[in-house]
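These are the structures, in structure tokens.
Both of the next two complexes hold chain A, though its partner changes from chain B to chain C.
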Partner chain A sequence: MNSIIPQIVANSIIAGSLYALVGLGFFMIYRTVKFFDLGYGALTAFGGYMMYWLLTLLSVPTYIAIIGTLLLTAMLALIMNRLVYRPLRARGSSNMVLLVASLGLFTAIQAIIAILFTSQFKTITIRSLQETVTLFGAFITHTQLLMIAVTIIVFIGLSVLLRMTRFGASIRAIGDDEEVAKIVGVNTKNIVSWVFIIAGAIAGTAGLLVGLDTGIEPTMGMQLLLKAVIAVIIGGVGRMYGVVIGAFLLAFIENIAVWHLSGEWKDVVAFSVLILFLLFKPKGITGA
Partner chain B sequence: MKNIKWIIGILVVIILVVVLSNGGDKEQSAQQTEGPIKIGFIGPLTGDVASLGENALIAAQLAVDEINANGGINDRTVELIAEDGSCSGKEASSAAQKLISIDKVVGIIGGLCSSESSAFTGILNQSETPGISYCSSAATLSDAGDYFFRTYPSDAYQGVFAANYLRNEKMIDKVAVLYVNDDWGAGLKQSFIDTFKNLGGEVVLEESFEKDERDFRTQLLKAQASGANLIYYLGFDQGAVSAIKQRDELNVDLPMFGADPWDDMTIWNDVASISEGFGYTVPHTTDSQSFTSKMADVGVSEVSVCASQSYDTMNIFAQVIGQVGTNGSDIKDALYDVQYQNGISSQNISFDENGDLVGAEYVVKTIQDGQVVEL
Partner chain C sequence: MDYIIHLFILIGIFSILGLSLNLVIGYTGLLSATHAGFYGIGAYAVAILMKNTGMNFFIALLLSIVITVLSALVIGVVLSKFKDDIYALGSFGFAIITYGLMLNLQGVTRGPLGIPGIGRPELFDISFSTNLTFLILTLVLAVLVWWMTRYITRSSYGRVLQAIRENEKTIQFFGYTTYWYKLSIFMISAGMAAIAGALFATYITFIDPSSFTLIESIFMIAMIILGGLADNRGAIIGVIIMILLPEFLRFVGFPTEVAAQMRQVIYGLMLVVMMLYRPQGIYGKFKF
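For the complex of A and B:
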């Protein structure tokens, strides 16, 4: 029994890192423009497929494939903002309209991916990442270690960016009140574009890591997005470290539920936690 | 003023509905005597089981092309209309509604997943449209009414066969069962467990998972901790690939055994190297080189499970419609008496009083040296 516990902890950390990584990008967008961008889910799938396309179909070197994936996903995020979100926001559309529009984008992108690449499950293989190491009695692959490391790096990077740079101050200003930010001279259009570029690159990273870990399929975005949304809500929508806490809390609760109850309870437990938080602690763990 | 607009609006809608539904009726009678004979196809073309669905659709279309090349049915061409059932009851039921009420199909080939078929058997019976599934195996579908048939054997047999094989030939005492939580998974699991226990085996873990689950790590650990000798995994391609990989990553040293959805080369192209000694059951099909090469001609390099049944199903429809015409009730009656010879999936195809395929034979395939080998 004892030999199992480290592995369960490791499984939770792996899942938690992924939720946190996806959640951080989602949070960046939400923090700035204050709507739930469901299209972000499709960006993760898009990232996975771009990696597959570049690495497996075009056989370009790994690091170029990775950079290409991040650039392409960031570009798609930027295009989504330019063509859809920005005009809607300029018109003063409600968050409901933006939510519906983002759902439309999500569905359309997912369908286009399925048309281009078929809906068959695909895996992306980099040999050196498939090896397994033992850490504190738990088995963990290089891909999963990479996922954990990337999440930590992205978290630290974003924290520095938000707190210590002028750019971060501008993002916070827009998040607090876009009109006021504009009046005091923040180039809001520009900043929002950059937020989408950064979030897109994070989504691309998450998508390619999922592809390396388990595999990709056009519908993978929704599952990732839902978990990220839960992580953001239970962590507290206002604070970035809340996303990370929420993600790991969710992953631990899920894995403990699977261990003690049974696999089919995983989603029941995850969404029950979400509802309990909405009812009793709507501002999340980190909220006042 | 506002009220008047509303009333006019409602009237317009009512008139439209009446006009359209009348028009539809006329179209149906026209459909039955002239123009192409429309046959519907339902299977997962997106999502989890899409590789099997796409394969089966190509096979059905191949049969249609051959029939049309030979002059069609009673000088009428056949038109296949495919709808995506996504391996989900909700999608399949609206697909069947659309095929029956808008396209006015004469019969439906499908669905693939049992959860698809069970969602629209009611619609088939109500509209008197015969449907023949080429892949649904849930035991409960035997009671699905007069208008539902299948060219694929019921899992009542597969579970028994797998349990006998594992208990008596592989001498497995303790088994951990992981199954997808749908009609197919739950039905097959039950027939397996009942037989396995009767044979003196022990089921030490019995857990389900959702169809889109990709993280099996903790369940695999539970299986290992349960003291099982083997994991009986009832799930589809994409989940199976994840589970097999994660089993390898976690060094879980239990072999895995699957069922007919594993007869899909997209799984083994990926994970055969880490699946040495794994096995699965699949209905025996008449080995046909000509079918494999015909499929290769239309771009399918690996023929998946259910493709040959899909091909045969279309030909059975053609044979029966050629004999009795396009009336749904006549086709249904003729199907109960049909003797279809020289099928690809099995030599003789006929249906019993439940519309189930008569005679089910299974084989075990195993993974040896990275290759799928039939025992």
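For the complex of A and C:
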């Protein structure tokens, strides 16, 4: 019985890192433009498929494939912002209009991926990342270690960016009041574009890591997106470290539940957690 | 000819779904994605009652409406506390929980295997086993639902719903407990979705959880947004366009797998384009 606990802890940490990574990108967008961008989910799937396309189908060298994936995903995020979100926001559309539009983008992009690459489950293999190490009696693959490391780097990077740079101050200003930010001379259009580029690259990273770890299918985006949303909400919508806490809390609850029930109940448990938080602690753990 | 009757039956079933969802989304302004869940609960209730107890369709229909309305009560008690994007998000959660239960409560629903061999409805000596007679039954029920929604929306109760949509705070100042209004319309709408579910189950004579996913809810949302929110004609027009449009794709000669995905692309882009250029839909009186 005891021998299974290290593995559950390890699985929770791995899943928590992934949710945190996806959640951080989602949070960046939400922090700046204040609507739930569901299209972000499609970006993660898109990232996974671009990696598959570049690495497996075109046999491009690994590093170039990774950079290519990030660039392509960031570009798609930028295009989505330019063509849909920016015009809607300029018109002062409500959050609900943006939510529905982003839902439309999500549905369309997911289906286009399925048309281009079929809806079959696909795996991406980099041989050196498949090896396993044993830590405190738990098995962890190199991919999963990479996932944890990337999440830490992204978290630190974003923290520095948001707290210590002029760019970060601008993001916070837009998040607080876009009109006032514009008046005091923040180039809001430019900043928002960059937010989408950064969030897109994070989504791409998460997508390709999922591809390396478990594999990809066109519907993976919704899964990741919803887990990220849950992490953001239970962590407390206002704070970035809240996202990370929320992500790990969600991952631990899920994995403990799976241990007692079975794998199929994971989503039911995750969303029950969301509903409970919305009901009893709508401001999340950090309560911002 | 059979093909045309088939399309009309689908239009009938989805009109019931569109009209009932319009009560919640269009008239009350609450973006609910749980509708496919209620559609599914209704379908499963009828299928299980008819197969396991040999119950007559019409008695099973009444019971399934009761069961679905009670499920809506459980969900609505939580959901009615929210509004706007949090309401939408909560409803996403419930859609996924409902789907998860259909998939995992295998003792009741047989999980992914689905329930085959559901009988067609019968009433005394009349059997609705041919598609033509089934179409007549569908249309009769659809007209009934049309008439009920018309009655509801033109009553004083309906006007309170529209006031909630326009400004929930203000109507609260006038002494209306908006919570009860939001909860009751959610339950009424779910009961109507159960009728559609019952028709679907006995028409196709086979059901499995894949017909009642979150994506299915998104299709329904796309239908009524296209036709127009808060307008019965709009809901029907939206349903007709959205059912017929993908059928043309089959004539153009796309393979089945691609045609199914193309349907999603069209639905998704439709949402985006409507939000950008005509957020109130073709006939609608309300936009988010």
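Observations on the model:
In the analysis below, the second predicted complex is superposed on the first by the 286 of 288 C-alpha atoms of A that agree within 3 Å, B and C clash if a C-alpha of one lies under 4 Å from a C-alpha of the other, contacts with A are read in each partner's own complex, and residues count from 1 in each chain.
As a convention for this text, contacts are C-beta pairs under 8 Å (C-beta built on N, C-alpha and C of every residue); 3 or more make two chains touch, one makes a residue touch a chain.
None of the values given here were measured: they were computed from a predicted structure.
By the document's definition of touching, neither partner reaches A:L212: not chain B, not chain C.
With both structures placed on the common chain, the touch criterion links A:I198 to neither chain B nor chain C.
In the superposed model, A:M51 lies in contact with neither chain B nor chain C. Counting the residues of chain A touched by each of chain B and chain C gives the higher count for C. In the overlay built on the shared chain, the residue A:V100 is in contact with chain C alone; chain B does not reach it. Residue contacts after overlaying the shared chain place A:A65 against neither chain B nor chain C.
In the overlay built on the shared chain, the residue A:A77 is in contact with neither chain B nor chain C.
Look at A:T118: by the touch rule set out above, it reaches both chain B and chain C. In the superposition on chain A, no contact is made by A:A228 with either chain B or chain C.
Using the contact criterion defined above for the overlaid structures, shared-chain residue A:F36 touches chain C, although it does not reach chain B. Looking at chain A, you'll find residues 114, 118-119, 264, 267 touch chain B in one structure and chain C in the other. On chain A, the positions that touch chain B within their shared complex are 1, 4, 7-8, 11, 14-15, 114, 118-121, 123, 132, 139-141, 214-215, 217-219, 223, 255, 258-259, 262-264, 266-267. Across the complex, chain B meets chain A through its residues 45-48, 50-51, 54, 178, 181, 207-210, 212-219, 221-222, 225, 237-238, 241-242, 245-246, 249-251, 266, 270. Partner chain C is touched in their complex by these residues of chain A: 35-36, 84, 87-88, 93-101, 103-112, 114-115, 118-119, 222, 226, 229, 233, 264-265, 267-268, 271-272, 274-275, 278-279, 282. Of all residues in chain C, only 31, 78, 81-82, 84-86, 88-90, 92-94, 96-97, 100-101, 103-104, 214-215, 218, 221-222, 225, 257-258, 261-265, 267-273, 275-276, 279, 287-288 touch chain A in the complex they form.
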